[in-house]
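What follows is a set of structures for review.
Each of the next two complexes has chain A plus one more chain, namely chain B in the first and chain C in the second.
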Partner chain A sequence: MVRFLVRRLANYVVLLFVAVSFTYFVASYFMDPRSNYLSRHPIPPKASIDLSLTAANINDEDPLLGRYWRWLTNIVLHWNWGLSPDQDPVGAAVSGRIGASLQLVTLATILSIVVGVAIGVFTAIRQYRWQDRVLGGLATFFLVIPTAVLALFVVLGAIWINKGLGFRLFYVTGLHSYEGSQFGPWLLDFLQHLVLPTIVLTIISAVTYHLTQRTYLLDTMNADYVRTARAKGLPLNKAIRKHALRTSLIPTAVNVAFSIASVFTGAVITESVFAINGLGRYFVTTIQQNDINGAVCIAAFAGACTLAGALLADVVVAWLDPRVRLS
Partner chain B sequence: MADPELSVTTAQMGKDLAHDVGSTGEQVRRTGRLALYTRRFLRRPSAVAGVVVLALLVLFALFGDSLTRWGYDEPDFLSLASPPSGEHLFGTTQGGSDVFALVVRGLGRSLMIGILSSLAITLVAAVVGTAVAFFEGWVEKVGMWILDMLLVIPSFLLIAMIVRSSSGTSGWLWLTLGITAFGWVGYARVLRTLTLSLRELDYVHAARFMGVRSFTIIWRHLIPNLGSVLIIQTVLGVVTAVNSETALSFLGLGIKAPDTSLGTILQMGQGVVQTSPWVLLAPAVALILLTLSVQLIGDGLRDAIDPHSRSGGKA
Partner chain C sequence: MTDQILTTTGDHPDGTPPEGLVLPAGAGRLTPATEPVLSVRDLHVSFASEAGTVRAVRGVSFDLLPARTLGIVGESGSGKSVTSLSIMGLLDQNARVEGSIRLKGTELLGKTELEMSKHRGNDMAMVFQDPLSALTPVFSIGDQLAEALDLHQDLTRKQVRDRSVELLDLVGIPNPAERLKSFPHQFSGGMRQRVMIAIAIANDPDVIIADEPTTALDVTIQAQVLEVLKKAQRETGAAVVMITHDLGVVAGVADDVLVMYAGRPVEQAPVDELFARPAMPYTMGLLGAVPRPDRGENRRLVPIQGNPPSLVDLPVGCPFADRCPLVEDRCRTAEPPLAPVPGRVDQRAACVRVDEIVAEGLTFEDVYPVGEAAESGLDGVPREEREVVLEVTDLKKHFPLTKGGFLRRRAGTVKAVDGVTFDVRAGETLALVGESGSGKTTTLLEIMRLQAPQGGTVAVLGKNLAELARPERAALRRELQIVFQDPQSSMDPRLPVYDILAEPLKVHGWSRARTNERISELMRLVGLNPDHVDRFPTQFSGGQRQRIAIARALAVGPRLVVLDEPVSALDVSIQAGVINLLEDLQAQLGVAFLFVAHDLSVIRHISSRTAVMYLGQVVEQGDTEAVFTAPRHPYTQALLSAVPLPDPQLERQRRRVVLQGDLPSPAQEIVGCRFASRCPVRAALPADRRTLCDTVQPGLATGAVPGTDHGAACHYPLTSSAAEDVRVPSRA
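Take a look at the complex of A and B:
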C-alpha cells in the first residue's frame, strides 16, 4: 500500500510540475501586463513601464525562458511565487484568501453530499414512480441552469423576502459584518451571510450527487448478489442497505474525493455574485489586471488540490473496494 | 464522410433482416434505422417539447430584431432604465439600451458559440481519443499522460487566461476557440475508453493487416462506430459550452461591449438587481429555456439512439 501510494505520489508531483509550467507559458503568452500601462492617461514613459514590469519579472521584452527560470528558482528556493504588476507578493494574497473560500464552501460541500446521496438513494428505490420523476425533472433543471442565473435568482428572492419582512434577514454581500467580539451575535451574523451562497452551492453540487448515486444504486440493485440476498429471505430494505448501497457508495466516495479541487475553484461565480473575497474572486481580479504570477499561483493551487483529490480517491478505492489489487 | 458509411451499414442490416425474415417465411415491413430513431424520439413528450422550444429560440435569435425598432447598439437616451413598455418590450438598461434587442443579439451569440465549440470539441476529442487508443503501446501511454496533465489545472482557469487577450467584434471567435482548446480533454479520455473494445473488432484487424493507413481506419471505422455517442455528446456539449460562455462573460472575461451575449447582459443586470430587475429577467429566462431545451433533446436522443437504452418498449 505504501509503495503504491509513493509511486502514485511521485507521478502526481511530476504531473503537477509539468502542468503548472505549461500554465505559466500559456499565461505569459496570452496575458499582456504592458497593456495596463498603455491604457493609462497620460501613458507613462516606456523606461518606467519596463522598470516596474522587470521588477515583477513579467516584462514581455525579456526572454521567456529566462523569466521562467527566475520564477521557478524563486519558488523552489524561497517559496516565493512572485509579484503582481502592483508589486504585491501573490503568495500572501492567495494564502490569505484560502480561509474565506474554506468558510464559504465547507458547509455547502457537506450538505450537498448528504442531501445529494440521500435523494439519489430515495429515487433509486422508487425508480419511475412519481417521486423519482418529479425529483429527476428538478435535477435536470438545476443541472443545466447557469450558476450565475441561479445565484441572481436567489438574490432576487432574498431581497423580496427582506422587503416583505421589513428587516434584513439575509445579507447578499460578504461573509461578515458584525464587528463586536461576542460569539453568539458573530455566529448569527455569519449564518445570515452564509445562507444564500450555501443554498446556491449546495443545489449545484447536490444535483450531480443525486443523479450519479441513483445510477450507481440502480446498477447494483439488479446485481446477482443482491438477488441472492433477497432469495435467502432478506427483506428488501435490508438487502438494499447491507448489500446494494455499500457497493454503490464506492464510486460516490471517489467523486467526493475528487470534489476537493472544486471546493476552492468551483465557487468563482458564487463568490463574485455575493461579493465574497475568496480565491475565485481573486482569480478574476488577477485575470483583469493581467497578473501572470497571481493567475499561475491560483492555477497551481487548484492543480495541487485536484491531485490531492486524486490521491485521496486512490486511497479510498483501495480501502473500500476489495476487488482492487494494488500490485 | 460518415454518412455513406452509415447508409452502407443500414443497407447491410436491411439485407440481413430480409434474409432472416425470408427464412422464417413471414412478411414484415422493414423499419429503417432513421425511422426507428425518430419514432423512439417522438415517443418522449419532453424531447418533442425541447425541439419546439429550441426551434422557437433559434427563430427568435434570427428574426427577433425585426420585432423592435431599436438596435442592440443604439441606446435610447430618452428612456434610461425604464421598465417594460410598448416601446421597449423588455425595458431598457441604465445606458438606455433596449433589453429586447440585446437579448436577441445575445441569444444568437450564445447559440453560435455553444454550437460551434461543441462541434469542434467533439471532433478534436473523437480524433485524439480514438487515435490514442488505436496506436496502443507507447503512444497510448504518452497520450494518456498528456491528457492527464491537461486535466490537472481546471480548464475554466486556462480558458479565462487565453480569452482575456481578445476583445472587440471578433472576441466571440476567440471565446469559441478558447472553450474548444481546453474543453475536449475530458471527452477524449471517455472516447479512448470506448475505443479500447472497438480496436479489437475483426474488420479493424483486417483493415490493419491489409495495410490501410492508420488515419483512414480511424476515420472510416472507429469514429463512425462511436457515432451515437458522438451525436449525444455534441448535443449535450452545447449546454456545457453555453454555460461556460455565460460564466466567462458574466465575470467580464468573455464577450465585451460593443458586442453582447446573454452572460454579458446578466452582468449588466447584476449591478441593478434592486432598481431594475427586468434587465436580469429576460436573459435569465432565455438562458434557462436554451439550456433546458437542449438538455431535453439530448436526453431524448440518448434514449432513441443508444442501443443499450431500455427506455422505450418495442422498436
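Take a look at the complex of A and C:
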C-alpha cells in the first residue's frame, strides 16, 4: 500500500511538473502584460514599462526560456511564485485566497455529499413513488436554474427574513466582520456569514450527487447478489443498504475525489454574489489582468488538487472494492 | 494433492429406491409416511406489463416430502422460475400471487417482507443460476457466510467461524479456514456455486430451491456441483426443488418431476415413469427433441413445431394445441386439468386424449412425425478423397499480460491457443469441444481473421493465409462465413430481414435482381416464409432468428461455415429444429461446418469428427463415434462421463469420473502435460511414471488404433477396456 502510494505520488509529481510548465508557456504566449500599460493615458515611456515587466519577469522581449528558467528556479529554490504585473507577490495572494476558499467550500462540500447521496439513496429505494418524483423534479429545477439567479433569490430571502426579524441574522457579503479576539463571537459571526453561500453551494452540487447516486444505486439494487442477500433472510431495505449501497458508492467516490479542484476554483459566481475573495474570482482576475504568474500559480494549485483527488480516489476505491488491488 | 478419482454411482441420497413418495396434489392417497414440508396449492402469479397482464403461473400444485427431490422442468417462459421465486417471496412488488403456499403447515402467502425474511435462509433456502453475480463482490466469503448464520442463529464469533469452516469443508472447498478471507472474484464459477450451496444450507433448511444451479457451469463442474448438492441434501435432510431445463440433470437428481408449459403443470410423475412412459404429448416431444450423448448420429431429432404461446394473450383451450400433433377440435374449447393418468400410480397429465395414449401405448415415435433426412451427394465418398476445406497446423495465439500504469511491463503470457492442428473436409462437420477457457472461440476468431496467424499456418481451400494478397483475401471471405451464438445480438435490430440478408450479397457485388431472387431462395431454404423479409429481427422468435443468421451465412454460397455455439441459446424443442436444418443444409449444399459447442449431446448428434480441446490444445481427435465410444484421453473420458443422460435408469447405473479442481489459469506456466494437475490416470500412477507427465508435453499421437486417425495427446492413453468402465452406457 505504502509502496503503491509513493510510486503513484512520484508519477504525479512528474505529471504536475509537465502540466504546469506547459501552462507557463501557453500563458506566456497568449497573455500580453505589456498591453496593460499601452492602454493607459498617457502611455508610460517604454523604458519604464520594460523596467516593471522585467522586474516581474514577464517582459515579452526577454527570451522565453530564460524567463522560464528564472521562474522555475525561484519556485524550486525559494518557493517564490513570482510577481503580478502590479509587482505584488503572487504566492501570498493565492495562499490568502486558498484560506478564504477553504472556509467557504469545506462545509458546503461535505454537506452536499452527505445530503446528495442520502437523497439519492432515499429516492432510489422509492423509485417512481411520489417522494422520488417530487425530489427528482426539484433536483431538475435546481440543475437548470443559473447559480447567480439562485444566489440572488437566497440573498433576497435572507434580507426578507432579516427585515422581518428586525435585526441582521444573515450577512450577505464577505466571510467575517467581527474584529475582536474571542472565539465564541468570532465563530457566531463566521457562521452568520457562511450560511447563505453554503446553502447555494450545497444545493447546486447536492443535486448532481442526488441524481447520479440514485442511478448508481438503481443499477446495483436489482443485482443478483441483493436477491441472494434477501434469500439469506435480510429484509429488502436492509439488503439494499448493506449489499447494494457499498458497490454503488464506488463511482460516487471517484466523482467526489475528482471534484476537489473544481470546488476550489469553480465557485466564481457564488464568490462574486457574496463578495468573497476566493480563488475562483482571483483566477478570473489574473486572466483579465494578463497576470501570467498568477494564472500559472492557480493552475498549479488546481492541478495539485486534481492529482490529490485522483490519489484519494484510488485509495477510497481500493478500500470499498476488494477487487482493486493496490500493488 | 486434491486430485483423485471419485467414482460414484447415481444412487439416491438416502439409498432408498425412488418410489413416488411425493404426493400429487389432491390425489387421494392413503396415509403418507410423513407430512409434506412444502405444499403448494393452485398457485397463480401474474404481472402487469405494458402489453397487458402476463399470466406467468396458472395453477401449480404439489407437495414436497422431507429429503425428496422434485424436479420442475420446462422451457424458458414456462413459469418454473416464477414459481420458485414466489415460494421464496422474492418476486417484484408488481406481481400478484394467489393460491396457497404452506411451509411446514404455515401459510406463506400474505406474510409481510419482515415475516418472510424470518423464513428465508432459515427453513427454506435458494441457490441461484449465475454464481458469478450471486455473491456480493465487495464482501469476503466469510462475511457472507457469517451473515447468513447471524441472521437466524445467536452464535459467538468463534462458533460462527467454526461453523463456516465446517460448511466450506462440506461443500468441498480446499483450505476452508484460509478461504474465508477470500473475496468472490478469487473463486471460479464452480467454487462460487459451492459457496452458494454452503450459504443455503447454513441454517439447516427444510427446503432448498435450486433454480438452474448448474446451467451456467461447464459439464465437469456441473457434475461436481450436483454431487455437492446431493451431499448437502444428505447432511441436512432437506427437500429439494430442482428447477432446470436440462432433462439429463432431472433424470440424475429428481425423485419426481413436474413438467410445466405456458405457466401450467402439464404432467407430473415419478422420474422413472415420466422418462419411460410420458403421457402428455409435450413431454413426449421434449424427450424426443433432446439429442442423446449415448446414441449415434443416425437417429433424427423430432422438433416440436411452432413456438410457445404468449403469456399475455393465451389461447382458449390447451396452450399446447397449436404445436400438438394429436390436436383435436375439443382441445381448443377448454384447458384440460391435470388429472390422474388411468392405470398409472402417481402419474398425472393434462391432456384430453390421455386415455387413448395410455391404452394404445403411444410413444413419441408414434405421435411425432419423424422427418426424412436429406440425402447428401458426398455420402459415398470416403473422407480421404474429399477436398480439404480448412487446414490448421500448429496454430498459436498468445496474449501478453501486462502490469503497471504508465510504463507497461509484460507480466506473463496467456496461451489461449497453443499448437492446434486439425483439418475440415468438404461436406463434413468437425466439432471443437471443450470447457470455457479451452480456446475454442479464439481458434475460430483466428481463422475468421483471415490473416497470417501468430504461429503455425492456416490454409483455407488450400490457400495459406500468410501468403494471400488483398484481393485474394477478399475473395476468400466469400468461402468462409460465421454464425454466432446469440442471434439477437448478432443482427442489427434496425434492419429488416431483407437488408440483413442482402448485405453480404451487396458486398460481393450481386445485382439487385439476383439479390431479390437469392433472398427468397434463402428464406425457403431455412424454412421461413419469403414474404416475411420486410419484418425486423425482433418480430421473430429465437429459433427463427437463428435461422435468419444461418441464411445470412449461406447467402454467398460459402464452402465452410463456422458455427460458434449456434444452438446453446435455444430451448430444447426449438434447438432440435435448427439442428435438423443444419444437417439438411449440409447434405443439400455440401458445405463443411466447423462447429464449436460445449454440449456433447449436440456434438455427438451433428458432427462426424470431434476435436476435444483443453487449455489451448487439442487433446483428442478422431471420428465422433470413435471419440465417444472409445475415448483415449482421460480428459475426454471425464468429460463424457460428466454429461447427464436423459434417462434415470442409466443415470443411476453409471459410474462417473468426477474431476477434482478447476481448469488451471491459462496464464500459468505448465511444463508437462497440461491436464496433469487434474488427471485421474496420472494420480493413479507410481511416482516414477508420473515424472513423464510432469516434464514432457505429450503430442497428439495418431495411429494408435490401426486404420483410423483417432489420436490422443497422452503419455498413458486409455485402452479400450479401461474406457469401457466409465464410458457413456448404452441401452442398445
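One rule holds in what follows: the second predicted complex is superposed on the first by the 320 of 327 C-alpha atoms of A that agree within 3 Å, B and C clash if a C-alpha of one lies under 4 Å from a C-alpha of the other, contacts with A are read in each partner's own complex, and residues count from 1 in each chain.
The criterion applied here is as follows: contacts are C-beta pairs under 8 Å (C-beta built on N, C-alpha and C of every residue); 3 or more make two chains touch, one makes a residue touch a chain.
Keep in mind that what you see is a predicted model, and the values were worked out from it rather than measured.
Student: State whether A:Gln288 touches chain B only (first), chain C only (second), both chains, or neither.
Tutor: A:Gln288 contacts chain B only, not chain C.
Student: For A:Arg67, select first, second, both or neither according to whether it touches chain B, chain C, the two together, or no partner.
Tutor: Neither chain B nor chain C is touched by A:Arg67.
Student: First (chain B), second (chain C), both or neither: which does A:Ile298 touch?
Tutor: first
Student: Per the contact definition in the header, classify A:Asp321: touching chain B only (first), chain C only (second), both, or neither.
Tutor: In the superposition, A:Asp321 touches chain C alone.
Student: Per the overlay, which chain contacts more chain A residues, chain B or chain C?
Tutor: Of chain B and chain C, the partner in contact with more residues of chain A is B.
Student: Of the two partner chains, chain B (first) and chain C (second), which one does A:Arg214 touch, if any: first, second, both, or neither?
Tutor: A:Arg214: touches no partner chain.
Student: Quick one: is A:Pro146 in contact with chain B, with chain C, with both, or with neither? Answer first, second, both or neither.
Tutor: Once the two structures are laid over each other on A, A:Pro146 reaches chain B alone.
Student: Common interface residues of chain A with chain B and chain C?
Tutor: none
Student: Write out the stretch or stretches of chain A touching chain B in their complex.
Tutor: Residues of chain A touching chain B: 15-16, 18-20, 22-23, 26-27, 30-32, 140-141, 143-149, 152-153, 155-156, 159, 261-262, 265, 268-269, 272-273, 283-284, 287-288, 290, 295, 298-299, 302-303, 306-307.
Student: What does chain A use to touch chain C in their complex?
Tutor: Those residues of chain A that touch chain C are 11, 223-225, 227-236, 243, 246-247, 320-323.
Student: Help me check something: in the complex, which residues belonging to chain B touch chain A?
Tutor: Interface residues on chain B, with respect to chain A: 145, 148-154, 156-158, 160-162, 164-165, 239, 242-243, 246-247, 250-253, 263, 266, 269-270, 273-274, 277, 280, 284, 287-288, 291-292, 294-296, 299.
Student: What residues on chain C touch chain A, complex-wise?
Tutor: Interface residues on chain C, with respect to chain A: 88, 90, 113-114, 117-122, 125-126, 128, 130, 133-140, 147-148, 151-152, 183, 185, 196, 199-200, 405-406.
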